[in-house]
Amino acid sequence: MKLYKVKLLTVTCEILAQKNIIQILKKHNITGYTTYEVEGNGARGLRGQGFKNEKNVKVEVIMREDKLSDIVEEISRTMFANFALVLYVNDISVVRTEKF
Amino acid sequence: MKLYKVKLLTVTCEILAQKNIIQILKKHNITGYTTYEVEGNGARGLRGQGFKNEKNVKVEVIMREDKLSDIVEEISRTMFANFALVLYVNDISVVRTEKF
Amino acid sequence: MKLYKVKLLTVTCEILAQKNIIQILKKHNITGYTTYEVEGNGARGLRGQGFKNEKNVKVEVIMREDKLSDIVEEISRTMFANFALVLYVNDISVVRTEKF
Amino acid sequence: MEVLQLIQSNLLTPIILFFLFGIIAARIKSDLKIPEAISEFLPIYLLAAIGLHGGIEMRNAGFENMLIPMLVAIGISLLFTLNHYQILRRLGKFNLFDSYALASTYGAVGAVTFSVGLSFLKNQGVTSEGYLAAILAVLEPISFIMAIFLTNMAVAKQIRAKKQSFTNDDVSDIEIGIQETKTKLSQVLHESITGKAIVILLGCIVIGYIIGEEGFSSIKIVFDEMFTGAIVIFMIEMGIIAGQRLGDLKKVGAFLIAFAIIMPTFNGIIGVLVATTMGLSLGGAVLFGLLLASASFIAAPAILRHAIPEAKPSLYITSALGITFPYNIIILLPIMFIVSSIAHDVEGSIDLFNYITWN
Amino acid sequence: MEVLQLIQSNLLTPIILFFLFGIIAARIKSDLKIPEAISEFLPIYLLAAIGLHGGIEMRNAGFENMLIPMLVAIGISLLFTLNHYQILRRLGKFNLFDSYALASTYGAVGAVTFSVGLSFLKNQGVTSEGYLAAILAVLEPISFIMAIFLTNMAVAKQIRAKKQSFTNDDVSDIEIGIQETKTKLSQVLHESITGKAIVILLGCIVIGYIIGEEGFSSIKIVFDEMFTGAIVIFMIEMGIIAGQRLGDLKKVGAFLIAFAIIMPTFNGIIGVLVATTMGLSLGGAVLFGLLLASASFIAAPAILRHAIPEAKPSLYITSALGITFPYNIIILLPIMFIVSSIAHDVEGSIDLFNYITWN
Amino acid sequence: MEVLQLIQSNLLTPIILFFLFGIIAARIKSDLKIPEAISEFLPIYLLAAIGLHGGIEMRNAGFENMLIPMLVAIGISLLFTLNHYQILRRLGKFNLFDSYALASTYGAVGAVTFSVGLSFLKNQGVTSEGYLAAILAVLEPISFIMAIFLTNMAVAKQIRAKKQSFTNDDVSDIEIGIQETKTKLSQVLHESITGKAIVILLGCIVIGYIIGEEGFSSIKIVFDEMFTGAIVIFMIEMGIIAGQRLGDLKKVGAFLIAFAIIMPTFNGIIGVLVATTMGLSLGGAVLFGLLLASASFIAAPAILRHAIPEAKPSLYITSALGITFPYNIIILLPIMFIVSSIAHDVEGSIDLFNYITWN
């Protein structure tokens, strides 16, 4: 089975920032992503106790390398200052590149 | 600490396809896996609102390279057409290869 | 956007072992991590049915390479024998290395 | 009371209003949502309450008369499923898979619809036969099993045909196909029968039968008095999901929309008349009709996604939940109630023709 | 009854005791927690119950008199928000963003506080005007919209000023800024109005109005009789979250702590007196005052995080939930009740000055 | 009434029937499941209800007589834990860790079992002393603390022995071992005491004591009238989990199966007799016996997994939930009720020997 190299961008951020992330993705014509709620600890303290809005969410996006840099740049620029947020990039392989 | 290279296969698919994935794994003598419910968006539209059965699930399987190709092939062949499904492969390192 | 190479350690273990993992992280001066509940199957059987305490949890930690080995070693030494637990390491890239 | 009046007064009951409210909330894109755990629990609760109620009634009234209605229900259900298939395949031009999936979705029954029917009757001050809960349980898997059996037969036939045109010596693939069909069928059979809906329903019928009114008293507040309040909460979520699906109506198409309204009406009224003929009470005949009119939108996807993965869930869920369910509980239920009233009046006093004018 | 006595007897009601219990559980670092699905469901349930109750009352008592109290509430609410801003920005030296965020948090209303108020009045055997639920719904978004509007105006002004000092030929950025402000405002408006709290509240007021006492009877056990029990469970979770936040009080600072106690007292008592003047009943005036005294701690973060992301949630959530909420339900509520009693006595018999001495 | 008759009539109560139903659902591999949030919430609710009830009773009846039963319960509980250990280690040949873990699982108490006991008594029309809820709370951590203390002592001793045989100059490791033991013990102590079960139980006892019957009236429907309905729902889930564990019975082995039935019987009957001697009522003695007979299956794993990670949870959870719990609520409870009836009769009229023949 032939596998093709693409990128996986993972953003862990506060739940109320999810909308912003997805808007940025849409702006770059990306409509495929996976999300799930998580808890965590970091510079902004323990997150996940208390109200649901104070939990975190992970947003995972498989994408081709060419879009990655712009998206990472925009998220960094617009969101690092005000939101609890961590992002990282992974090298992965997929079967159907045309999907991403 | 010596680490050994193995593969991590991640399948994101509709919840009702989880059984099929696990059956395929079993067929290839793999009984170790991790699953969790997620939401998502893709070619088949937003998934995660509405009934629980319309959510997605992620199935993650650590395995040795030799089994990977067959499993990816079987999932692609039997499930790509009918199910909302995305899969990708990751290079990872583990301590105890004998477990996988 | 410049990205920097770091490590992602993922530990999948029984929920009641989460505290131990986080204690080990703290001991090594790591306070940032992300956790979420998962289900799974492995050498110790199906986990995730029944009581909540019998589910699994994933703990994900982004860290610099230099701490990795000690932490993996300590988890392996103190926990492999008594707990349902799997761990693996991933190469990832991040924007702000100073965070980790 | 006349049909329109009854429809109107039905429209203004909490159950229907909360459902409509849910639809509106979804249409204006509100983030209102009943948490998943609650909306997963509520059908279990509703089925438990229905089962207990049915079991207690059966203990009080006996269930000797249950056999014939149950067999008739099964028979009609199978006939209707075949009928749906023909209409969908021939008139609707749906493909084999979608036709069978839709046929069985409408051949199956909806437990939520049944709950609403029970509440409707309670509101009208009318009782019904307890054994209808048992018929609900038995009807659940019937049409699925038939549809799956027929789909797999059809697929095997196609495979066989294809094979024979290519080579003549190799039939092993066909055998594998038939073998697979058998495996699938036995899986589906097991899945249906051990599915949570049937298990909780049958279990609670048995428990209700054993404990009777007296044993029930300590849990009556939870399983009887809170029943309508619980449905009302569930209706918000059903409305929200139905509302989200309304956008998919164009995918469903005009033919299926018409089918989703006309078919239940036909099935339901036949059901009411047949039940009346078999001697069921006014309320019992309405519920019997409702069973046949209802389409399954919770159990169906869980079973069909495995059994006929080629069929498009957007078709069968959207039409069953987005069209048939609202139509059934808002409009058809009052209609069937009037029909049953007339039919029962007839039997009592041959008053059919005067009824509409005078009452 | 005297103030201290009433505070004490209020302190010993289940609602307050369970809240204090939650705080203690959090402080001793117990792992006690109401599962997320339940604590997400309870506010929906409480708002539904408040809405139904309000709607039924409005059907019984009419709502002709609603218009003036509502307009007055909106007006006062906006005035108070501006007032909060001035105090926070000038006296408290908070930055622009935090000032507006806090101003609107205290200008907005708290649905949970309102629930507790309803229960408090029930306990005192006092009724209130049903239309207050409608005022609750309308007040929800008012102060947010204003605060966001003003924040964005202020930011746009700052940008403009900065630009003009650099270049003179390029104003497109400013236009973009203003454009963005408009987009944000319309988003926030939509988010507020379709937010689950308002939607369920308004929806249930309408449903309550339509079904009336009679239609309500089948769901009364769930939406009326279980009300206090449900609040009590929710109070455990509120106590736990408030308790977890107590550690953040040092971040909040002395000024904000004082603000979080004095401001609601001022707002609340003004509210009671204004309401009395407008002719609201004893209980109605208390609830009207409570609306103005309360701060929002569930809706606020969801809206402010998007609208004013620069503001620190630890400030506005901690002060609203950790200080103002307990103060309001434990101490201010009884105080306002006494004030309202006196004020209503005055109106009836000009007994104000004798009241405190003789009663 | 005779033992068998009472067992049979107990078997046909909703609580037991729903439990059996859950077991069957699990055995036929149904996907029936109570959503996690609900089954996490129910024990909190049950403990709150037990606590409130106990607190109110204590306010009514006083708790001067509580001290001696509580001290006796603690003493017996410790003795029993040691006794279990000896039996498991010597006769059962379990290793040190499993022996201590099992010993304390059976020395501890089960809150769910206690709920069922309360319902059983209610069904029999018999009351019990309110302070038993307080004894339940105090017994929770006792046997764990002891077992953990002893385990750690034993391990430290082993380490010391090993060390001395190798080198003689280096005892620092032993000190580290003992130090670790202390840390562990204080952690476990904190975890036990701040564990949600104890916190909610003690908190609600205090709240119940403060509010009394009168304050309770507004939440009575939720915390009293719905109690049995809630247990019944929880019993489905308990049955399902117990049913899933039945497959592990072979891992548990014949010795432990016998232990899981004989030990509770012995402990329970002793408990009933001791309680009767101390002057507890018929119902109180049954509950006292049930406390000693019950094994912990919710709290135990949470504590033991940290404190004695070497012990196999499949042993202690499976035997406590899969064997002892059903045995206790189905068979032992009626037996203890008869024993208590006889014992109380004796005290009144020395009728012991005639009882069995004549009644």
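Read from first to last, the chains carry the letters A, B, C, D, E and F; within each, the first residue is number 1.
To be clear about the criterion, a residue touches a chain if its C-beta (ideal position, glycine included) is under 8 Å from a C-beta of that chain, and two chains touch if they have at least 3 such contacts.
Note that the structure is predicted; figures quoted are calculated from it, not measured.
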Would you pick out the chains that touch chain A and also touch chain B? C
Of E-F and A-C, the pair with more C-beta contacts is E-F
Rounded to a whole Å, what is the gap between the Cα centroids of chain D and chain F? 44
When the centre of a chain is set as the mean of its C-alpha atoms, what distance in Å lies between chain C and chain F? 34
Just how far, in Å, is the C-alpha centre of chain F from the one of chain A? 47
Multi-chain contacts in chain C, i.e. residues touching at least two other chains, fall at 36, 90-91
Please set out, as single numbers or ranges, the residues of chain E touching at least two other chains. 33, 35-38, 40, 221
Pairs of chains found to touch, sorted by chain label: A-B, A-C, A-E, B-C, B-D, C-F, D-E, D-F, E-F
Chain A residues within the chain C interface of the complex: 12, 36-43, 48, 56, 58, 69, 72-73, 76, 80, 86-91
In their shared complex, chain A is touched by residues of chain E numbered 33, 36, 40, 241, 244-245, 298, 301-302, 305-306, 309-310
In the complex, the residues of chain A that touch chain E are 14, 16-17, 19-20, 49-54, 81-83
Quick check on the complex: what are the chain F residues that touch chain D? 12-14, 17-18, 21, 24-25, 28-38, 119, 122-123, 221, 225-226, 228-230, 232-233
Using the touch rule from the top, collect the residues of chain C that touch chain A in their complex. 1, 3, 6, 8, 31-36, 62, 90-96, 99
